[in-house]
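Data block below; observations after.
Which chain is which? They are A, B and C, in the order written, and residues in each are numbered from 1.
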């Protein structure tokens, strides 16, 4: 049997756990994991994996800070810390319920807030006086309620982080934040409920272990639709079809951001095992770590070789996006057990970026950091790869990709358009010229560094 | 029941553990955590949480590097790595004993060095030949001795890190380091013993889960007193009451530093549960993670909205300090179980920063990075909040705040004055003008980057 | 029984585990760690420690980015992410087998690829239907196969990272990458098999807990030999014996890189305990964490004091290398139990850097970032220290150092020479003058920052 995503992975974990308990009862001489021990492992795994994924917010912030121009750097820093904050609050206030509570086929409930529940509260309050029944009421859940919430919350923040980079250097701060509110409170959770909440896509057998489609393509679609509606930066595309390069201002920061994302991805994919309370869970998590790492390696190597062959110069930015694309591509199926396949899947992800970036430029869509290529294109590829290499049904995979894509295109187009027609999406030309840092924030990211020849 | 700090939290953990052992003895059919398993969980939790808090040293280094001017950047980097190093050695040589060994009401013992103890040494030496008694002698402690030391050590380093930012750009390196020696070897441990060592404040019921007062306000008081005695940077305050802005040179680094602190805070607060060996501990740790995160979210959002409303421009630096203030504010009571409250407490922390920073400017106290506002003001608020929202007695909370504040004001004033009157605290005017990097280190942080218009 | 691993530590771990199982069988009333629980702890320790060591790749990238000049910064970023990627693939394709599979005295087998094995695959596939026999077949190994692979893989990447800094600013990208292929696929694994694979050095009693010699000196030798063959940067050494300083362009990044390495080292040394499944393992891991930290503290303090005394100015770069040297020095014996000794060993490591850096300059060997001093010199010192302070036989330690040194000098000299005589190692003078970023990558790391007075 193969785990097919967050929700089935969860079932496997709980099944393994139940199994352990039964074995222990029937065969006391064997050395099994107790249910409370499994509960602690599962909970701690969510917390450790969760803080790794939280760290990805810093990765996006550094990647985007490094890839925008200095005049927009402070603004992109602000957007990144703001979107992470808003995502956390929105997912707490409304999102988690929509995604995970009493999900029907298409949506969960409209409850607000979320908490550890009576059983855990009672156990904690009882302290040393807790009864076996109080303990069992908690332990039977398999993991602590809020550790799961924490882990899921950092995922929604990741989806939002993807959007900020693409739309950098010309979108207004407040409309962007309103979009984040809608995305993290509603759009992401609703489509997420279809698969990880146990809705219609799970019933159909759609398999997306850690979210190539559910997280990365969702962020990618929102970014792509936003970029089309927002339009390119002034001067990016010439009337003659030429593309004016606007190189990132601080490539070591972009490199750092990529390493941060890579590190965080061990939590993203590894934690999506959703359990650590049995030997099978631990062994599978190790496999996930290895595949995650090797896919990123493949993405980097593919991008380096291809840019050397095509352009005769290696492109650092493309190589960084190659790593990310490799990671995105393996995310739908990091539990596949042939690691050579992980290198191939990641390598194809990295290659796709090398071709997608100029293609998107040719379409006159201005994606400042290449996020659409790395997250959407590679995300689709990774989800298809699960179908191609035997981890799921290819047609079902396509249904999932198309359904979620259609939902995101339509809903995010509506939100972007409403924002455009009401408060407006774009800073005025003068502000764009001057840079968003001075125009919207009244500050400079690097006030003391003189301006070189490429400064714009 | 509510845990009221590192030391009571510890008791809860051990109680849970004892409970587990008893239950296991009396009811062998139930699936409990064995005492050795709990020992490993508790120890590993200290190590993982400890490395996260160690990482905060890097966060402070980046935050402060980003918020000083280029001519003082290398010096602040040096101070940050030096203070972390000195803090570790001083806490090893003397501090830990003062804080945790045979604490009476007001101070521990004056032993030097610290080690794993005979029981652990014997167990490790015995290897596979260890007797059940040797194992029990170790396991009965609940956690490994040095894992606790490691976790406590990174806390003292945090307190010291707070000081360096406020006093940047004009304090001499060596007097600053002498202050760090006294702070980390004596001042911090002595006041720490009152609560976490089990001294008079614990007896009175003072509640500070992870150190809003014991760590953050302590660092904040030391910084504030130092800033008053040291005086402002040349040119910071005009004779006419004007405040001359001296903007930070590298805001992406400051943003990175804030994200690092945020990440590290999961260890800071989560690890202060002091145990992971029972379901109750794990569940409570998850609650702590969630509240820590949501409080920071609240701090960011409050600072963004307030700076938009008050100044019509969002201030990135203020937003970063909003995150930190939110984190500081929740640190006294992150185990409160209504997460909405965490958003409120953090949000008020963030709001306080927005008002405290200009107020401190008005008092002509020059706090280069805003640490007094973020750590002292928000730390007091967070400690009061525990009393206000039912996690402790408000009067007792005030007693703790005042007692620790008075102790820190008096002792750090003495140390700063003695340093001022002997070796001198401040670089001379020429050195301050030239920058500490050239004057004290003979180097530049960014030797190749030209100087822009705001360069000073 | 499988792999002998980081060897003595591993044996201790498995012994503890076996002990636990035996005790449990004979004394069911005692509260032991079950074998499956131990399996999960051991596996999770590898994963957590492994992601920390992976993070060191980012540390090297930032350290080196900060210490080269701006015109070579993008290239060093590229090399760092590329070498980590290639190391992972090569260790997967060939290296791990050479180091750990059926090792004779001098080398393992020539198998390709590596995977979790039939037992784990079967257990995972069985899910809730797994039989006790299936579980036992996995659990008896003590840890999951791929978690060990992951942990060992990040070590080989560390060895490769050491090389890139020394040779920066004049080596061509592709020949460097070919060297990395050979180093990570063959040289590192072959010499690693002698000790950690259970070969002749282990039989002789050579002791290197986490790789002062096996990882750090190996990287250092490869770098030193490369630097000699490659020659110094143009203008570095005057005909009159003068040394022209070429200061690093971004010292906050170098500081960040050092903190990242420090953090990662907790995984490097702590994870080399190779087990967490018993109280003894956990206690020893805590001791390792503390010694690792204190040695780095000692290295920083020694470098600060010495540069103050010798040069009358503290050198930030030297202090950062002092931290690294302290960490390298303790790596061979971080399980020694007197923590004061760790400060001394680390302090001597830091002091050695202060003397080694000018000495290597005097020899007209151009080590751009000081990696030979920090990794090779301190690595030798740390390995000797184990013999001096009672953790092993001094003569045997010397034999290990010399044997591995001789192997690395000879083999890496051959590889570097072959590369020099075939594809060439060095960019041409014009490219070196212009900077590798423009010459090899066609881009700039900081395109907008103007060039200051020290710009070259």
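The definition used in the following text is that contacts are C-beta pairs under 8 Å (C-beta built on N, C-alpha and C of every residue); 3 or more make two chains touch, one makes a residue touch a chain.
Just so it is clear, the structure is predicted and the values come from calculations on it, not from any experiment.
S.K.: Do the two copies subunit B and subunit C share over half of their interface residue numbers, or under half; same or different?
M.R.: different
S.K.: Through what angle, to the nearest 5 degrees, does subunit A rotate to match subunit B on its C-alpha atoms?
M.R.: When the C-alpha atoms are superposed, subunit A turns by 120 degrees onto subunit B.
S.K.: Return the distance between the CA-based centres of subunit B and subunit C, expressed in whole Å.
M.R.: Chain centres of subunit B and subunit C, defined by C-alpha means, are spaced 31 Å apart.
S.K.: Tell me, which residues of subunit B touch at least two other chains?
M.R.: Answer for subunit B, listing residues that touch two or more other chains: 28, 34, 37, 48, 250, 256, 446, 449-452.
S.K.: Tell me, which parts of subunit A touch subunit B in their complex?
M.R.: By the definition above, subunit A touches subunit B via 21, 24-25, 28, 34-37, 39-40, 43-44, 46-48, 50-51, 54-55, 57-58, 61-62, 65-66, 73-75, 77-78, 80-82, 84-86, 88-89, 92, 113-116, 120-121, 123-130, 132, 135, 138-139, 144-147, 149-150, 153, 173, 250, 253, 256, 440-452.
S.K.: Quick check: in the complex, which residue numbers of subunit C touch subunit B?
M.R.: 12, 15-16, 18-20, 23, 27-34, 37, 41, 45, 48, 52, 69-70, 247-252, 255-256, 258-260, 262-263, 266, 270, 276-287, 289-290, 293-294, 296-298, 300-301, 304, 311, 313-317, 319-320, 323, 337-340, 343, 446, 449-452, 454-456
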